[in-house]
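Below: one structure, written as structure tokens.
For clarity, chains are labelled A, B, C, D, E and F in written order, and residue numbers in each chain start from 1.
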Amino acid sequence: MPYVNIKVTGGSEAPTVEQKQELIREVTQLLARVLNKNPATTFVIIEEVDMDNWGVGGESTTVRRQKAKAQQLT
Amino acid sequence: MPYVNIKVTGGSEAPTVEQKQELIREVTQLLARVLNKNPATTFVIIEEVDMDNWGVGGESTTVRRQKAKAQQLT
Amino acid sequence: MPYVNIKVTGGSEAPTVEQKQELIREVTQLLARVLNKNPATTFVIIEEVDMDNWGVGGESTTVRRQKAKAQQLT
Amino acid sequence: MPYVNIKVTGGSEAPTVEQKQELIREVTQLLARVLNKNPATTFVIIEEVDMDNWGVGGESTTVRRQKAKAQQLT
Amino acid sequence: MPYVNIKVTGGSEAPTVEQKQELIREVTQLLARVLNKNPATTFVIIEEVDMDNWGVGGESTTVRRQKAKAQQLT
Amino acid sequence: MPYVNIKVTGGSEAPTVEQKQELIREVTQLLARVLNKNPATTFVIIEEVDMDNWGVGGESTTVRRQKAKAQQLT
């Protein structure tokens, strides 16, 4: 009866439909295998978060990606 | 002071504005009636989840709906 | 296929087992009635939050309750 | 290693990119200062909720804003 | 940079420390393999929910387990 | 009308009552200052997560803390 919520960055980094199907299938199988949970009542919800709305290290992902790119160019 | 988060499938299955108003009103009344909670500080947040992003039984809702439809046609 | 998460204050304000059963039953019926959702795949998760850990108006619920009580005594 | 999720109303009330950067930076600094948490592993996720989907006092924010506006006109 | 939240029933059904380590390791590897996500910034949070607080089909898990048990005895 | 959910490690790393009051007060002020949000309808919920239940980099925080400690001893 597990509930799994997966948040990832969206926009240009959003997972494809196929990748989402793979995540849903494999997370469900993992919970069946490790915890013997029934797939019929396993929920997996994927949320795609705008890169301006996700911060790590005090900076949005948008800014982090720009800095990483700038560094590669130097 | 309750906080209620309701996730439902969106897209073609998304609730209408009227249905969302009804949900908000009735959930708030329910918490007032059962737990004596103050409506003024009861939050209800409805989230509409893309059918590709919601899995049950190891499959996305998109795939489940397609299978259910195919089965009805046979 | 809805997922409902209800957060309420716990500790001395925690709902009883009967109140929780009532909430689960009625929220599930509400979603079936308003949105035609299947109860078999409706999840309701109730979380009881410590009053020190829930803030409104910039103050914890513990402090708010103390102030409300003090005001009643004057 | 904190995880912070901030939900605010979106649409015409959505925060700007600059406001979101400020929130991310300041919440991260706050957790470093008060709890000595490492910014490098502090996640801040901002979610913008449609005003039809956020209820307080049994009414959606859309309805509340309309009533507040109507009251100002009288 | 994914964030994964896994809710499972707790109490007598709670996962062991080893099962939780396995879940954390495998979910992190899954996100690295399918979406090329960096494990260093992948968060996995497991929440154990009291069986009285988790409802499916309009009934708490406690009640569902009792009914399943009673049915096996007949 | 914001809703803020802060998850931090609990157990031996749990914030004190005073630290939680400070977090609640300052996050509420931050949202008032940056986004002009009304403190009266700002919710802050702090959740303390067991170190066995929080994974980063594919390992639980318990394991990470042990490794960090072992490294300091060598």
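Please note the rule applied: a residue touches a chain if its C-beta (ideal position, glycine included) is under 8 Å from a C-beta of that chain, and two chains touch if they have at least 3 such contacts.
From a predicted model like this one, the values you see are computed outputs, not experimental measurements.
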Smallest number of contact steps required from chain A to reach chain D: 1
Steps needed, at fewest, to go from chain A to chain E via touching chains: 1
Taking each chain's C-alpha mean as its centre, the one farthest from chain D: E
Inter-chain centre distance, chain B versus chain E - centres from mean C-alpha coordinates, in Å: 21
Centre-of-Cα separation between chain C and chain B, whole angstrom: 17
Contacts with 2+ other chains: residues of chain F: 1, 3, 7, 23, 27, 41, 43, 45, 54, 56
Touch-based graph of the chains, sorted into line, ring, star, complete or other: other
Pairwise chain contacts, counting only pairs that touch as defined: A-B, A-C, A-D, A-E, B-C, B-D, B-F, C-E, C-F, D-E, D-F, E-F
Residues of chain D that touch chain F when the two form their complex: 1-9, 15, 19, 22-23, 26-27, 30-31, 34-35, 37, 41, 54, 56, 61
Chain D residues within the chain E interface of the complex: 1, 3, 41, 43, 45
For the chain A and chain D complex, residues of the former touching the latter: 7, 49, 52-60, 62-63
Touching residues (chain side chain C, partner chain E) in the complex: 17, 20-21, 23-25, 27-29, 39-48
